[in-house]
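This is the structure, below, for whatever I ask next.
So that you can tell them apart, the chains are marked A, B, C and D in the order they are listed, and the count of residues begins at 1 in each.
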Amino acid sequence: MITVACPNCSFENSALSRRCTSCGTALLIEGYVRCDNCRVLTPKALEFCELCGSYLAAAAPFDKPLILPSSRQDANVADTSPLTLPANLSTENLPDAQEITEQYSQSERQDQPESSIPAWLLDVDAALKMRSISEKKADETDSSSATKSPESKKVEPPRTDVYDELLRRLDTSHAVTQPADPKESEDWLEVLEVDDDNSEQGNIEDLAFQALAAASLAASHLPGKEGRADPPEDQPLVQPRAEERTERRQKGSTQPLDPKGKLLGVPQQLAATELPAWLSDQLQRPDEDEEEYFDDIELPEPSRATYLEPTVPDAEQDETDGEVIVLDASFDKWLKQLSDEPAAPDWMTEGESSPDVPFESDSVQMGAETPQWLHDIHEAEGDTALLLGIEETVEDSGRFAGIKGAIQIEPAIAASLIGTRMVDYSISKEQQQKIAILESIVHTKPVKQKPKAVEPPRDSSVRMRVLLAGALFLVFLFATVVPSSAEWLKDSTLQPATKQTEQFYDQLMLAAGEPVLVAFEYTPAMAGELNPIANVVLGQLADNDSPVITVSQSAAGSEVAAIIAEDIEGLDLEQLGYIPGEAVGLRSLAECFSDPDNCETLFGEEIPAELQENLSAVSLIVILASDSDSLIDWIEQVGAQVKDSTLIAGITQLLGPVTVPYSASGQLKGTVSGFPDAIYLQQDLLGIENEASERVSGITIAIWLAAGFLIAGAVYYAVTGLNLPRSGKAKDR
Amino acid sequence: MNQIRQSLPLALAYVFGALALIGLLFVPALAKTITGWVGFLAVIALLIGILNLFSVHSRRLVRGNIYSGVLVVSLVAMIGLGITDFIELTDGGVSAAFKYVQAPLEAAFASMLAFFLLFAGVRVIQRRRSWWAIIFITSLVIFLLGRTSLPGFLGEILGTVSDIMTLVFVSSGMRGILIGIALGAIAVSIRVLMGTDRPYNK
Amino acid sequence: MDTFGEIGGLFLGFLLTLFVYSFVVKDNPMYRLAVHLLVGVSAGFAAVIAVREVLIPIAKSASSQDGLLPLLLWVVPIALGLLLLAKLVPGYAWLGNSSMAVLISVGAAVGLVGAILGTLFPQVTATYDSGLLTVVVALLTICVLAYFHFTGRQASDGRVRFPTWHKYVSMTGQFVITIALAGVFAGLFSTTLVLLSERLGYYFDSFTSLISG
Amino acid sequence: MIFSTPNLVALLLIVFSIASLYFLTRRYVDRSGVGLRNIKAYEKLQKQAVKAMASGRSIHFSPGRGSLSKATNPTSLAGLSGLQRITEDASSSDKPPLVSAGDGTLFMTARDVIRGGYEHSGRAKAYESQKSQFIAADNSPMAFGAGVSDILNQGEHGSSIIMGHIGSELALMAEAAERKHQDQIIGSDNLAALAVAVSATEDVLMGEELYAAAAYLQEEPAHIASLQLQDILRILVALGILIAAIVSLFPRT
């Protein structure tokens, strides 16, 4: 079996395990992604969460690095992650999880510029923030562990190891996905393709998955409700309709994308039909508003590269609509704020690049994840590079400080306003080839995975079972087919408890002619052992001309009584039937014994006068019980209340020891314990021949066989080596 | 409103708990009435449970689960027989179904336990290598053989040892466990009656 | 039930028994069929009994008796019953909590009194045939009780401390419990063996008598 | 009105217990320092949710078939405490537990407990009512055992936790769980069930240990105090047993 060593305790876990069975540390197994909305783990191949149907950001990572500012839908996709933090947050002054979720909700209400930053980058960034948040929280909880509730105690597997693991993997994925030489870009694309088969190699998808996993773990690591906060109810999440979700699950893959939107990473299901309410509102803006915007806009050339086109939310809509989506009020407002910024950001001062910063922090490694082809495009043409904000420089300010090759968002957004920047550029053949390859990748259907872990393990002990069961069957077959076996086993058969059985017999005979109450407290399950006793008792009572009243605390018991009474000839039977309420029901019945005048009805049923009379005259109560509770109910509720009545019991062999104290204290005047006692009562005391007695020999041999198996087994394992612990204390009882 | 949601059940729990306690100890008539009411509620709960069983398996049946189909059909058939018995279209239909279907099935399941107990015994030997397992298996073998009297001297010894063990150890063990259970039950019941545990206010 | 019905019933029962026993080897569709049949039939039976033995008699008694009191007596449970049904209605489920509160608190009272009067007192005062046996059993019972002892003093290092004698007494208790459970296991095993032999014997006898006419 | 000696003594015992529980709770809140004996089964139970996430096989929990309206009430409530903890732990994962109840009242309460668990873990919207199901009435044990064993046989569950009132039908469930290599934690108040349990698993909650579920899994002051109360009553009972035994040595004349 393939095993995965736990990074924390190096315990060898099954490859199927996502957490260390020993210490609970996450093992980050490939192929699963955690839903940002409900934090349920879902096979990566699925595009939507199986539980809440939210779009799984990590399921289609390729579309994210390609998001253009106009891609409103992707803004939403990114927003569905509770970890999408607004740009004004920096790792230095971290908010608590509550703040983050609030920010998140805001980021859904208004289109935040950062949502056009590649989501995988956000996720990684957010993951790192959440890591430090959770570490903070961990410290707090540690300090207050004395007073905290056990719930908060229990959500503390050593999660920090997860992040170390994450960072370790980021390093490797960096090594793989950041080819030093532009020529290696093909390799990088190969890596992406390989990832569809869930290879172990690090790549963007892997990275995004790890980031999401780590981030959501971090979120769940926060004690109390904050860590588990659901997205606010009023937040429209991008979700397909239920039927579409299920259909998609059946297909197990991404739908072919809208030809205009394909490279923009906007799956069709996120198009206008699926847009959240607030976005639909934007689409239905009055024309005059649109005019205002169109005044300043020069539409881009139709000749430009497909992948640079703005997202079109609906196949029917033209590019203009696409632009309209970009330039909504909130966006405009935001842009205004930008222009008010006192210090102009780097991108405004063209050509001027920031000084290099040595690759140290985690974020540097994150930044290094920028796809190589983007760099190539940048090398190919300055305008596009400017448009996309890709420069071979390391950011020295803002939230991507120290990140190399981070996509500058502001110029990208501004570009959609300043149309001239988008007009004249051309695409080299090389780029077109890359586009073609990229298109093919986007269209590659991920292989649907089944969670292997839920496959039930094999049942390994069939042979042992067949051997033991076969042996038992043969024994009984032998005993049934060869009745003479009863003869030579006569002296060795099951030994009846003669004393108790004789007392039972005496009480039965003493009650001759008097009404006797027989309680059937067993279901057909135990009929095999108790029916023989019931038959003997009812038969003898019929012979004694004792009126018999049958009663039961269970509905099945009263049916069993009826079935047995059918076969007894000359039985004066009155059925009281089912007594609901167990102990209390029996108490009420006991009152009928002691106070017959106030017993016209019992549990809503009218009691005939004759039956009332018989109840008051009952001198013997026979309890036929298969479980201790109902037996004890009778002893305590009826036996204790009705002083002048005698209790005897017919029970299974199992209950034998339970009745010992009650017999000793005289609460039970006699017991017949199981089949052997029944045979003894019938044959030896009542002198009635019972063919069933031959079965005793079969049972005896079966018991010997079982004991033989146990002894043989014990000897075998003793010989093969019995490594006893020094003290058995720790072991089972 | 939320406060009513929480406090109303608690108040009812206090009142009915106290009444039931007094009734059970001193006023049987009161106990009979209250437990009758609760029995009625338990029956409603049972019917709701059966409704749940029906709905769960109907859904599975719709998804093509044939076993759930069998369950739903048998459930409906049994209830149908109950109705036809009640309106005297059939006579003893429910009893017949019980006698020929439920009784044999229950008996079969119960008798099958013999195999499983034997398997369990053998597994204890296979897997547990502790003093307690040895004590368990040794006493089990003594009890089993003691029930039958093996021919000869060995039989007598085993019989006597088994009887003594039953009288002394089994009685004490059972007694101790039963008393412990009673103590636990007292503690839990009192917590509920005091309102410290409120499983009804989840 | 006529002979034909009985023979049919016998064959049906035998077939179902075979289905059930097939599980001894491994899980299979026939076994699953038997399981679902049993669950369905027993649920149906429970429903029928609940209505026939509890609801109808209550309706009868409420309607048969004169005066308003018997009717009023059932107003409370019927109201509580309706509230319980509200648990099925999303959004109104909380209404059912009151009924559950009544049910659980009364159940707790029944359990409490049952535990004290039904088990505790009789078991504490239980005596056996001989005085010596009574004393020995009493001492061993105390050892078993000591084994279950839960609370100890928590030392500064967080460890729970018990008196030194407790270790030995509770080990004796554990020893007694182990033997007791072995005894119960043996009793259960021979009971189930009886059930098995009864089943096999019943079908063997029935079919032989059927063949011999 | 009946005033028998045992009933009066019972009333005294109840009043004493209520008072003690109140004061013990207060005392525990003021100055803790009470430690609980280590019970392996509870330690294992607390790891089940994580294990379910790791193995991808969810937990099956059964609170048994003890009706809440009857004398089995305390046993079933103890089982529900276990369910509460399991639900709170596992509801935040993608492997919520499946609950099979053998009684109507128990089924309804179990449903509430599960919903409460989801709300506690802040995932009320993820709650599925199908996660608790009714199997059989409390007086058809074999139907219950067979029903649950069939669920376990499907192998979708990695752990089978049974805490509540159950009888010898436990052998059916234990066998199914054994065949599917499921972790078993069994607690019961029934001797036959306990005998089966010790042969099936090492993690058995023996009788009284089952009633300590709330104290070990929720650790509220009242729960710890109720264990102290149990221990006080235990000492009284031990004294009672001794006195009864000594008295029995002198036969009444």
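Some points to look at:
Rule of thumb we're sticking to: contacts are C-beta pairs under 8 Å (C-beta built on N, C-alpha and C of every residue); 3 or more make two chains touch, one makes a residue touch a chain.
Keep in mind it's a predicted model, so treat the numbers as computed, not measured.
Judged by contacting C-beta pairs, the busier of the interfaces C-D and A-D is C-D. Centre-to-centre separation of subunit C and subunit D, using mean CA positions: 14 Å. The geometric centre of subunit A is 22 Å away from that of subunit D, both derived from CA atoms. Distance between subunit A and subunit C, defined via averaged C-alpha coordinates, is recorded as 29 Å.
For subunit D, the set of residues touching two or more other chains reads 7, 10, 13-14, 67-74, 77, 105, 108-109, 112, 134-135, 137, 139-140, 142-143, 146, 168-169, 179, 191-192, 194, 196, 198-199, 202, 206-208, 212, 227, 230, 234, 237. Looking at subunit A, residues 459, 461, 465, 469, 472, 494, 523, 525-528, 555-556, 580-581, 583-584, 603, 633, 653-654, 656-658, 660-661, 702-703, 706, 731-733 sit in touch with two or more other chains.
Among all residues of subunit B, those that touch two or more other chains are 21, 24-25, 28, 35-36, 38-39, 41-48, 50, 53, 98-99, 102-107, 109-115, 117-119, 121, 128, 132, 136-137, 140, 144, 147, 166-167, 170-171, 174-175, 177-181, 183, 185-186, 188-190, 192-193, 199-200. If the chains shown are joined wherever they touch, the resulting network links each chain directly to all the rest. Contacts from subunit A toward subunit D in the complex involve residues 13-14, 16-21, 24, 27, 38-42, 50-52, 149-151, 154, 157, 220, 225, 228-230, 451-457, 459, 461, 523, 525, 554-556, 581-583, 627-629, 633, 654, 658, 730-733. The part of subunit B that touches subunit C in the complex is made up of residues 5, 8-10, 12-14, 16-17, 20-21, 24-25, 33-48, 50-51, 53-54, 57, 67-68, 70-79, 81-82, 85-86, 94, 96-115, 117-118, 121, 132, 135-137, 139-140, 143-144, 147, 165-183, 185-186, 188-190, 192-193, 198-201.
Across the complex, subunit D meets subunit B through its residues 1-3, 7, 10-11, 13-14, 17-18, 21-22, 25, 67-70, 73-75, 77-78, 80-81, 84, 101, 103-105, 107-109, 112-113, 115-116, 130, 133-135, 137, 140, 142-143, 145-146, 168-169, 171-172, 174-175, 178, 189, 191, 194, 196, 198-200, 202, 206-208, 210-212, 214, 220, 222-223, 226-227, 229-230, 233-234, 237. The part of subunit C that touches subunit D in the complex is made up of residues 26-27, 32, 34-36, 38-39, 41-43, 45-46, 84, 87, 93, 96-97, 100, 103-104, 106-108, 110-118, 120-121, 124-127, 131, 134-135, 137-139, 141-142, 145-146, 148-155, 158-162, 177-178, 181-182, 184-185, 188, 192. The residues of subunit C lying in touch with subunit A in their complex are 24-27, 45-46, 49, 53-54, 56-61, 64, 110, 114, 117-119, 122-123, 125-129, 171, 174, 177-178, 180-181, 183-184, 187-191, 193-201, 204-205.
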